[in-house]
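What follows is a set of structures to go through.
Each of the next two complexes has subunit A plus one more chain, namely subunit B in the first and subunit C in the second.
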Partner chain A sequence: MLAYIIRRIFYLVPVLFVLTVVVFTFVEMLPGNIIDTLVGTEGNNDPEVRKILEKEYGLDQPVYVRYAKWLFRAVQGDFGMSLVTRRPVSVELLSGIPATVYLAVVGISLSMLIAVPLGTIAAVKRNTPIDYTAQVTSLIGISIPEFWFAILCVLFFSLYLGWLPSSGFANPFEDPWASLKFLILPAAAVGFRQAAYTTRLTRSSMLDEMNKEYVDTARSVGLSESKVIFKYTLRNAMIPTITISGLQLANLLGGTVVLESIFAWPGIGRAIFEAILQRDYPLVQAGVLVLGCIVVVMNLLVDLTYRLLNPRVKLG
Partner chain B sequence: MTELEARKFADLEAIRAPTLGGRLARWRTALSNAWHELRKSRTASIGAVMLVLLFGACIATPWITTYDPIKQNYRERLQPPSEKHLLGTDRMGRDIYSRLLWGGRRLVAIAILAVAFGLSVGIPYGVLSGYFGGKVDTVAMRLVDGLLAFPGLLLYLLIVTLAREWKMEGIYNDLVLIFALGFAFMPEVARLSRSSVLVEKQKEYVEASRAVGESSLAIALRQILPNIVSPLIVNATVRLGYVILIVAALSFLGLGTPPPTPDWGSDLAAARDYMETAPLIAAFPGLAICYTVLAFNLFGDGLRDILDPRLAER
Partner chain C sequence: MTDEANKKGPESTRRKFLTATTALAGAALAGLPGVAGAERKRNPKRGGTVRFGTRDDSVGLDTHRNFIYFVSQPMAGTTGGLLDFDAGMNIVPAIATEWEPSKDLKTWTFKLRRGAEFHNGETIDANAVKWNLERILDPKIGHSFNRSALTDIDRITVDDKFVVQCHLKEPSAAFDSNLVYYPVNLIAPGAVDKADTEPVGCGPFKFKSWKRFDICELVRFENFWETDSEGNTLPYLDGLIGRPKKEDRVRLTALRAGEVDLIDNVAYADAPSFMKDYGKTYDTFPVPQVGTAFIAFNLKNGPFSAKDNPDAHMLRQAAAHAIDHEGIHEAVFNKQGEIAKGFYSKSSPWYGKDIKSWPEFDPDKAKALRKKAKDGDAKLLIIANDSFPYMQQSGELVHAMLKDVGFNVTFEIHPTPVVQDKYNKGTFDLDSSANSYRLDPDGWFSRSILSTAPETMRRHGYKNEKVDQLILAARVERDKDKRRQMYADVDSLINQDLPLVYTHFVSLLQAGTKKLKGYKPAFTGPFQYAGGGMRTAWLEN
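Right, the complex of A and B next:
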């Protein structure tokens, strides 16, 4: 197992390399450069000034040197200054992480709470109206664009009924009640879509397990049906469900940009989105890099957990 | 030449040089076979009907729309659905029905081209990697892993931002989107076709072709490829729905094609400001996205059941 873990960590190297190159190339490929911005605002386009500035920012060096220097600083958490707020980019990003994690974790938990029972019932009552309803609902769920679902929620619960605030955020440690009110709609929007995926997954892996021999054995020794389902089948069927939910959680951390900007949720996704609008490219660059790293590491952790939970999987 | 031999010869000729009539007849059989297969799965047939309607509307757009989608008319702003404007008008008095159709035509075209691009790069990549195996395969698959690990939406955000900074508009913007979305689909296709090739490679017909002396490349592309098509078709169909969701999300964020181009995502975003007074404006583009994505998902789901009978039993 240890050798496997080491090998998997080693495999991260090319992945992270691709990630850093893409992110670095992104800023390199922007038209113009920082000198244009600096010189442009001052209104003087003196070639001498340009030269001095280019030297100061290291733009006279070849691209691989700049990549290496940038990478060296990035590894230490130094991503430069935000062009808009003039604060270090790392500070801006760090302040967004808790809110994003909070939303993603609550959303995923909510989806599991809905999806696991629903998927199990659909599998046990296969080919009944309950099953069809669950299947159709989940198929519609994965087809609805999340931003539209979010807008409809706001329209109904905030504007029409007036029960919940349409957007915003409150710290759960300072004001739990207000925080909960702000949380409900975004978490529901995250959870609904995830629940649709997870229901389908739970159903199909339950059906897989229910076809296996140990289930017949358990029944033949006279165990009650509920015991067979809950104690044995569901436990095994949960392995893929948990794994995929972990992967989804990783993707959510990188993909809540849309929902965060609809609900004015102060997470890392919204920070990146606003940075794009304000052309604050150091922040965009660092944000994508950080989120990318989180996703990659989460994927690894999920994979390792999967192997631990399921020793039958061959270490490949 | 006996009569039987003559008929056989004629059949062979028909295969070699099909007449127009022969071709049409073969197409008809193929279509009726396909429909017969589709009938096996209710989801697939519903999806197929929805898709036929969708494609029909996309193709017929210039003839069935009644207004210029970008023509503003301030005397008829925010009108409810009426005989004159089937789905009403938006905040600039533009006909929503016409905007929906034109926007859908563009969106579906982008999705199809993007998926086709991903398939055309990913399939040869995966097939060759799987067929040759060894070091080539290891390196090729590590690269694919690296690309797969990249969070999709973030990649699109970066590329779309670049397109904006380079002031790419209209067709260029669409081409950039097609390239980005297709490129992001490529690793998945490569991996899927590789794993199918690994299974197929062991089978007897491959060994037979090798014994006859066919080259590796010919075997990989001419013998193995046709046998791994079905999982790819299913995957591509579902992907079409996903691509449409992504394009709509990007333009909803204001990072897609700039206005006034009709676009479901940006029309939806613009409609948010009028949600209280005219909620229907936000309903139509959303419903259109839902319908399209659902059509692809239903069709893909049903197709999977038909093509993989083992799964259908579940």
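Right, the complex of A and C next:
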């Protein structure tokens, strides 16, 4: 297991290297540059000033030199300074990542808490009103745009009932109760939509597993139905669910820009989005690199989870 | 100060200010201990922490490096300019209590308030002011907007601990307008090392904490120099919490849910229904002009440029006749604010009464002129910046109006770097844009209309010798009425030559809880407003 993990981490290196090259190239190809932002709309577009700023930011050097310098520093954990905010990139990222991780993890957990029991029951009670209800609910969940559901939640729970704040954020370590109140609506907006997908997936996986011979065998030897379902069938059916949820989590960690705007959630999505618009190269580069790492690590964790669910699964 | 009082220019302005300054300011001028040294009276109404939902958030904390938008960024409350302005948009004393230009208008002398200090207790003296101006002028540090307002400065000298002189490259009767908060904002030289993390300014509120896109916490600066008419210290509030919420509806919802006490930028589409449905529950604060929107033509190259098309002016006339200003007023601004025929609205002391209008809306004439003009079928591109919805919506509407009269036109919305790139390369034909309100017309005309201004050359390339002469003459004219007329004449020529078509004044509506008392924003937003705005607001228990 340990050798497998080390090997997977080793594979990270070329993946991330290619990622940085691609991102650097794409950002470089975008029209407009940071100097255009810095010299601003108010004139003073003096070529001398542009030269001074280009030198200050190292933008007077060829792209491969800038990339090599950035990479050299990045492998040492130094992502440089944001060209726009003039603060260390690490500070910018660390100010947004915890809020995003918090929302994504709670949102996915909520989706799993809804989807796994609902999908399982729908499969076990196939073609019954429970199954139809679960299917219709999940279809509605998939069909409703996330932002629209979020706005509905705000209107109902914040404006009409006044139970929850409509937007904002509080640090869970400083004020857990306030933090929970701020979290519920965005987590629900994230969780219910993801739950819609996962419910359908869990149901179809369960149906596949329930048709397999080992299930018939388990029943024939007299095991209780609950034991057959929850101890054997569900564990195997969870593999695709875990895979998709892992990818969903990685996707959410990449930032939910729309939800962050609706709920004024200070996550990494908006920070990277703004950085792209302003051509803040170091922040975009580092942000994508960190998110790339998160996706790769999430994939690794998903693979390791297979093994926990089914020891017969061989890693590597 | 009234127009009448301003009429005679900088010297009479100084006399008026001297008589108008408070007893404490007078004592300060006489060398006696100022506000900081006097017994500080406290208004019994003071108190409360306003939660302010804003559209924008600051990019960074160093107010020299970053552009701190006065309307929508609470960080503006932490700092201030050398001068201030009042509700009538007139320049009034702040850190400088007295100022005057030399006879040749090339040297401006500012006498500073004694006893005024930065939030860390550092004295605001002439050396501190000099250091601030020089730091803003440093191209490695100063934000382009701030820097561009001070480019007239040749050198700064300190004649006395509380007297600073700015020596200009060219004479200017309008230089003092460049030393207000926007763009000059004073920070403590002794705390410059922490300017990016714990800024120390001289405004009514002290910095407490900031997390971008989340929260900005400010607390009252007890030693702020300004007092109310009864001598009570300002500001009244204990503090302020800024909550950036970019989406207009999100801010409105937060106000209605009781999560914030004040919001800025109520969407134009929401304003009429909000006032009708919730006028009894909330107060609304209209600000008539924070800027002026326009459609600019690219005169550097392409079908609208005389360089490439002998009928360029006729084609611009055709486009101008196609623009339905009433349509923009109704569809984009929801009948909030006014249609613009010049740069200044009626609410401004610089409003020009007899500006000759742009070509009236006449689609048939537009069609005829377009057909008659060379390149009338040329492919055109309208661009708009993605930062402000009204720019995009005006662009979309003008796009539809031009199409209606047969122009072959497309419309694109871009982020700032792309728009800047298009300006630099001249790869656009029309631009739906705006300029923020200028305290002195020179700030607009000298920077964006004068043919030799870098911004003019870069963006639209307009050149008219008569316009240039008027702008340059107005710069050195001391009589305000004469200056106002000169600028009105320039706007008339603009409406005739059509380097751009003014469309609408950009108004602003703020809304707040009824508990918020004593609050009235100026065009400068909540903070930079002598005797008003957030300085005189308090929250009722």
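What we mean here is this: the second predicted complex is superposed on the first by the 242 of 316 C-alpha atoms of A that agree within 3 Å, B and C clash if a C-alpha of one lies under 4 Å from a C-alpha of the other, contacts with A are read in each partner's own complex, and residues count from 1 in each chain.
The rule is short, and it goes like this: a residue touches a chain if its C-beta (ideal position, glycine included) is under 8 Å from a C-beta of that chain, and two chains touch if they have at least 3 such contacts.
Every value quoted in this text rests on a predicted model; they were computed, and no experiment measured them.
In the superposition on chain A, contact of A:Phe192 is made with neither subunit B nor subunit C. By the touch criterion defined above, A:Val284 lies against subunit B but remains apart from subunit C after alignment on the C-alpha atoms of chain A. Looking at the shared chain after the overlay, A:Gly292 reaches subunit B, while subunit C stays out of its contact range. By the touch criterion stated above, A:Ser261 is placed in contact with subunit B and with subunit C alike.
In the superposition on chain A, A:Arg86 makes contact with subunit C only, while subunit B stays out of contact range. When the shared chain is aligned, subunit C comes close enough to touch A:Leu53, but subunit B does not. In the superposition on chain A, contact is made by A:Ser95 with subunit C only, not with subunit B.
By the document's definition of touching, of the two partners only subunit C reaches A:Ser167; subunit B does not. Looking at the shared chain after the overlay, A:Phe24 reaches neither subunit B nor subunit C.
In the superposition on chain A, the residues of subunit A touched by subunit B in one structure and by subunit C in the other are 30-31, 151, 154-155, 159, 261, 277, 279.
By the touch criterion stated above, subunit B contacts subunit A in their complex at residues 43, 142-143, 145-147, 149-155, 157-158, 161-162, 165-166, 241, 245, 248-249, 252-255, 268, 272, 275-276, 279, 282, 286, 289-290, 293-294, 297-298, 301, 314.
By the touch criterion stated above, subunit A contacts subunit B in their complex at residues 11, 14-15, 17-19, 22-23, 26, 29-31, 126, 139-140, 142-148, 151-152, 154-155, 159, 204, 207-208, 211, 251, 254-255, 257-258, 261, 272-273, 276-277, 279, 284, 288, 291-292, 295-296, 299. Taken together, the subunit A residues at the contact with subunit C in this complex read 30-34, 36-46, 48-49, 52-53, 56, 84-87, 92, 95-96, 99, 151, 154-155, 158-159, 162, 165-169, 260-264, 266, 270-271, 277-279. Residues 59-60, 62, 65-67, 139-140, 143-145, 147-149, 151, 196-197, 211-214, 243-247, 249-250, 253-254, 256-259, 386, 414-421, 424, 447-448, 453-455, 458 of subunit C touch subunit A in their complex.
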